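In what comes next, chain A is part of two complexes: it sits with chain B in the first one and with chain C in the second one.
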Partner chain A sequence: MVAAAAVRRRRPRRRGGPTPYVLLAPAIVLLVLFLLVPIGYTVWLSLRASRVTGGGLGIRKEMFVGLENYTSVLTDSAYVDGLLRMLLYGLIVVPSMLGLALLFALLLDTPRVRFGAFSRIGIFLPYAVPGVIASLLWGFLYLPNVSPIRDAFEAVGLPAPDFLAAGSVLFSVANVGVWGGVGFNMIVLFTALRGVPGEMYDAARIDGANEVQIALRVKVPLIMPAIIMTGIFAMISTLQVYTEPATLQPLTDTVSQTWVPLMTIYRDAFVNADIHSAAAASVVLALGTLVVSVAVLTLLQRRAFGRDR
Partner chain B sequence: MTQQIQRRGFLKGIATLGAAAAMPTFLAACSDDDEQPSQAAGDPNAPANLTFWTWTTNIQKVVDIWNAKNPTQKVTVSNQAQGEELITKTLTAHRAGNAPDLIHAEYQALPVLITNGVAADLTSMAEKIKGDFTDGTWALTSFGGKTYGIPQDVGPMMLYYREDLFQQLGLTVPKTWDEFASVARQVRQKDSKRYLATFSSGDPGWFAGLAEQAGANWWVNDGGTWTVRINDEATKKVATFWGQLVNEGILSGKPMYTPEWNKAMTDGTLLAWPSAIWGAGVLEGVAPATKGKWRMVPMPQWDATPATGYWGGSATAISSKSSQRAQAEKFVTWLNTDQEALDALISEGGIYPAATKGQSSTQLSKAPAMMPNQPSFFADAAQIAQSARGFNWAPNVNVTYSQYNDIFAKAIQEKSDFAAAVDAIQAASVADLKKQGFEVKEA
Partner chain C sequence: MTTLTARPAPARARPTHRPERPRTRWVPTALLLLGAVYCLAPVVWVAIAATKGPSELFSTFSFWPSFHGGFQYNVSHLLDFRDGVFLKWALNSLLYAGVGSVLSVAVSTLAGYALAKYDFVGRELIFMTILAGVLVPQITLAVPQYLLMSELNLVNSYWSVLLPSIISPYGIYLSRIYAASVVSDDMLEAGRIDGAGEYRLAWKVGLPPMIPGMVTLLLLQFVAIWNNFLLPYIMISDDSRFPMTVGLFTMLNQGASQPALYSLVVMGVFLSVLPLIALFLFLQRYWRLDLVSGGVKG
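Coming up: the complex of A and B.
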């Protein structure tokens, strides 16, 4: 627009008219319909409950109950135990998964790596296995009487480890999660490493650094934003862990139906036919996830997004 | 200028169309669907397309007979899930507005369906076929004077044991529970890899049947008030008996229906299975290699009076929202009272029908496929069934059953007192019943 010597100052008119809004419309419609409306409906459901009027096999009526569902969720020892167990699960899974992914990515990035392509595909393959199948697969490996691992141990004459005992079941379930997730995270970190300019390594070698020092002092700091991003995604998916324990639950006595919060939510919604408690529990879990993600991102903001922010 | 007006008009048009399309869905989502349409009227011979959610083995073959005879009234079978899972799916589907016309509901699941408004009131239809079932069987599907399902099969409990392994290890068949305990100890002494049986934390219906045999009465409805007594004397007796044996390692504590259990039943790690009349059908699926090696006898007894409980057994219910009610009623009547249908249910489905016509069927003169060594199987079973007793079910059976899973799994893991576990289930069940708004009287 011509910047004429006008007395009134007007904001420059945006070029293109309403076209941007038309182009945005499909995404906004989808966002509203499939994200905002269900979230709103869940919050609405969590403030209501289905109560029986009349004795015997009386018919149910839905009514407003305020925060009653929330108090019962937060005082439910099964749900709280599940929350704590999930946090412990996260403490085991996230560092091991990222540690292994970083190790593999660094190893595959060394100059004289052999069988690089084969290793990359091999490490990535478990990620391609759907969660339920992977859990069933590991279930067979864990159940003593059908497990080839136990047969192998007994052939050598050693006592077989009990994977599904009360003390080891957490690590066994975590193992399934790590096995499935390492591949994807490794590819992400490997791609980030590929983006580092080679001159950095030349400069480091001139200064006399060996491969290990280059890996720890040059490569890791340079891909720190990628590491933090994968860490946050890993954390968020850990907070929603469901497939692995739910698939293993019918196979053993050591995994209860409320082992992690999402299993409790499933049980309330579908087995106990109490969708209102499930809605309240879901809102609590979602808020918790939001709080943790925001906290971690704020703390690591500078390192995640680079120093130039 | 004209171009801009045209573009703005076009966009406005799109916007109004979008809003108009979204409104009906919004209104539908907000509508209240607690009403039960009364659709007893309707032409039973009008063309129809009925959906039937069921998990009876080979039920497709039985339905094929109907479809051949009634080409305009096709019934489509969908094997969505089994047992408690199917009830979960049915409740969810009903809430979404697309429940199937015909529902396969186990007897303990009917109260759950009724209080959620899923099962239609079938009293008028049941009047017409009253004589086809015993009063005791009608009691399983009737509540508060109304009938909500047509009984399909009953599942009296009996003991299956590996005849070949009993002979090999020199064991005698236990007739009382004390003998059962002593045989269990003998098994462990003679072969430390085998167990006589397992206590499953995954099968609450099985435990309910054992409690029924001992004389338990978990729920009593007295004019609208529920009395809950899951931890009565009889149940605690059963729990303590099994608990002591499991905690000592005499009996296994692993759940049934897992790959490990399948293997244990096949290779003889487990020698006996307290199960129901449909157990032969399950064995066929789970351990087909052991054909001819199992024998069925009455369950071990607590005292001189023979008694047994029920495990499962189901009825067919009709969805309260079905728009093809009359035709559905016609099909359900045929399925559960027609001689040809009952014969097919026995021979293909391996179930023991609830209808009196079915219990005298010629199909019952052959033994089930899995047990050719016991040609008198059904005659023996009919004898046992005469001593079977059950109890009433409350509307929160699903909650009680899911508590059973967790509480007993924990008790087995920690080797704690099973009677205390029963107390915990009682407490949780009463709390949930009260929370839902029912009148509960403390026993």
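Coming up: the complex of A and C.
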């Protein structure tokens, strides 16, 4: 292996003249236009505001205001409440979604399980359902007049739960997120498990370990990189939660217009026409996501990918 | 070779200790079936609810279909809704997701191949930018993208949704990993010695082994664009250019004042879920999801 590595190092990778740039050109143009320019523009907008100047005449003028938008965003209790609610939402969704996905993946990988293909496809199916449609679906299941779950409770003579009450609505929204995400993550983890050669488990079996012990002590550590990858993507998508609460909003008044940060941003930009506050709120959210993801990645990197380095 | 006389080996050969007929493990099986019920129940419910007319939706027991012509009523009224705008939405979704995902895969594959197989000035900078792009929530960019589109006078056009959908930092990242692992450096080198041009090599040597990864990426992108809501919701104001997600959402909002629309929304939801489910059942064997789980080493 050492010799092979040395040979590879001695042969430099092809520079290829202009070829790589030509191949990358479409990606670079689009990255600049739809990633870098919007980021720069947002930062610029967030430092400005439209103010009334000129005393009695009252001319509105755009001007540089420094970090004023940021202080007003961070002291806006609706936005901060939304941020906290989103964190709580993430603390519910990410562990339950990944926990269920891992459980189902390990169960599917257990020998002598029946109806595996049916369960696998059934659990994966919600991935094909768009977030809006999933929220509409669950919204109907939650809605007092239509809900079959409430019908079932009443049929047995129990008091029907109110899924859209102030205390339970966070869990109801989280449930939509978990429902939509469990299948995809399960398939990813299951694929990782299938990639492990079966001999890896033989030693444990000869030692008399049962399937539960093998799952927890051998399989889980082996697919840790895949678990961390799915975890990070689950976290990022949590920080972007918008569709589910926005769709459920018309059905109930317990979901406010500023329920999560992106809803506040949308309202500021498109309902209140206050682009500058929306820009500052976007920057705060994006920076927060970046900081959290990088922190989690650095914390976990050595543990997860240490063997490759 | 005594094992040859044993039972046919399971898909992945693992030694089993008990020689007798394998017993089903009922606990894992039951847990999995429970998960499948949780995931399928809402879809089954919408199929049943789609058979009910507006008067039955709120009055009859939910988990029992109705045979009083509600299904036909919903289908015909949904298709007649504002001169057949629902079909328009379906075609728009197909257009956004179809064209967007094909272009996205083309752009990502070219970029991933270049990043994996060439050494050039600025490579690391470009790759770091792409990684940052994976981490920045795409949705927070939607507002500035809207402002940019209005500068370009593209708001409310098909382009305003298509163009931002084409760039996928995650797609480029996956393509790079995939190209690094499946495209053979030795074959590229051999081709160069034979005097083949770089573009010819990319086409003849680089492309063929990347096709399975491209199919996977195509599906991921198709679903991502099909499911996207906020981008078209922000960009498009003309309801004849809505994709299905935005269309059904606006219909639901109207339903708050016209409850008769609810049964049409339910039918719309049912009809919009069907094609994607069919697509998945048909295409699931072509997936290379080890690409996503990190099974392909870069």
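FYI, the second predicted complex is superposed on the first by the 281 of 309 C-alpha atoms of A that agree within 3 Å, B and C clash if a C-alpha of one lies under 4 Å from a C-alpha of the other, contacts with A are read in each partner's own complex, and residues count from 1 in each chain.
Basically, a residue touches a chain if its C-beta (ideal position, glycine included) is under 8 Å from a C-beta of that chain, and two chains touch if they have at least 3 such contacts.
Small disclaimer: the values here were computed from a predicted structure and weren't measured.
K.L.:
Compare chain B and chain C by how many residues of chain A each one touches, and report the one with more.
P.N.:
C
K.L.:
For A:Arg194, select first, second, both or neither according to whether it touches chain B, chain C, the two together, or no partner.
P.N.:
Touch status of A:Arg194: second partner only.
K.L.:
Counting only touches as set out at the top, which of chain B and chain C does A:Gln240 meet: first, second, both, neither?
P.N.:
second
K.L.:
Just checking: does A:Leu125 make contact with chain B only, chain C only, both, or neither of them? Give me first, second, both or neither.
P.N.:
In the superposed model, A:Leu125 contacts chain C only, not chain B.
K.L.:
Please work out whether A:Ala273 is in contact with chain B alone, chain C alone, both, or neither, and reply first, second, both or neither.
P.N.:
A:Ala273: touches chain B, not chain C.
K.L.:
Taking the superposition as given, does A:Arg205 touch the first partner, chain B, the second, chain C, both, or neither?
P.N.:
Touch partner of A:Arg205: chain C, not chain B.
K.L.:
For A:Leu299 in the superposed arrangement: first (chain B), second (chain C), both or neither?
P.N.:
Neither chain B nor chain C is touched by A:Leu299.
K.L.:
Between chain B (first) and chain C (second), which, if any, makes contact with A:Lys61: first, second, both or neither?
P.N.:
After superposition on chain A, A:Lys61 lies in contact with chain B alone.
K.L.:
What is the contact status of A:Gly17 with respect to chain B (first) and chain C (second): first, second, both, or neither?
P.N.:
both
K.L.:
After superposition on the shared chain, which partner residues are touched by A:Leu45: those of chain B (first), chain C (second), both, or neither?
P.N.:
second
K.L.:
Can you pull the chain A residues that chain B and chain C both touch?
P.N.:
In chain A, positions 17, 21, 41, 139-140, 145-146, 250-251, 270, 275 sit in both the chain B and chain C interfaces.
K.L.:
Hey, which residues of chain B end up touching chain A in the complex?
P.N.:
By the definition above, chain B touches chain A via 4, 7-8, 11, 14, 18, 29, 34, 84, 88-89, 91-92, 95, 111-112, 114-117, 143-144, 201-202, 221, 223-226, 253-255, 257-260, 263-264, 269, 395, 398-399, 402, 405-406, 409-410, 412-414, 432, 435-439.
K.L.:
In the complex, go through chain C and note every residue touching chain A.
P.N.:
Spelled out, the residues of chain C in touch with chain A are 10, 12-17, 22-25, 28-29, 31-33, 35-40, 42-43, 45-46, 49, 57-58, 61-63, 106-108, 110-111, 113-115, 117-120, 123, 126, 129-130, 132-133, 135-141, 143-148, 163-164, 166-167, 169, 172, 185, 188-189, 192, 198-199, 202, 223, 226-227, 229-230, 234, 244-246, 248-249, 252-253, 255-256, 262, 265-266, 269, 272-273, 276-277, 279-281, 284, 287, 289-290, 292-295, 297.
K.L.:
Which part of chain A faces chain C closely enough to touch in the complex?
P.N.:
Touch residues, chain A against chain C: 11-17, 19-21, 23-24, 26-28, 30-31, 33-39, 41-42, 45, 100, 103-104, 107-108, 110-116, 118-134, 136-141, 145-148, 151, 179, 182-183, 187-189, 191-192, 194-195, 198, 201-202, 205, 211, 223, 225-226, 229-230, 236, 239-240, 242-243, 247, 250-251, 262, 265-266, 269-270, 275, 278-279, 282, 285-286, 289-290, 293-294, 308.
K.L.:
Which stretch or stretches of chain A touch chain B in the complex?
P.N.:
17-18, 21-22, 25, 29, 41, 50-62, 72, 78, 139-140, 143-146, 166, 250-254, 256-258, 267, 270-273, 275
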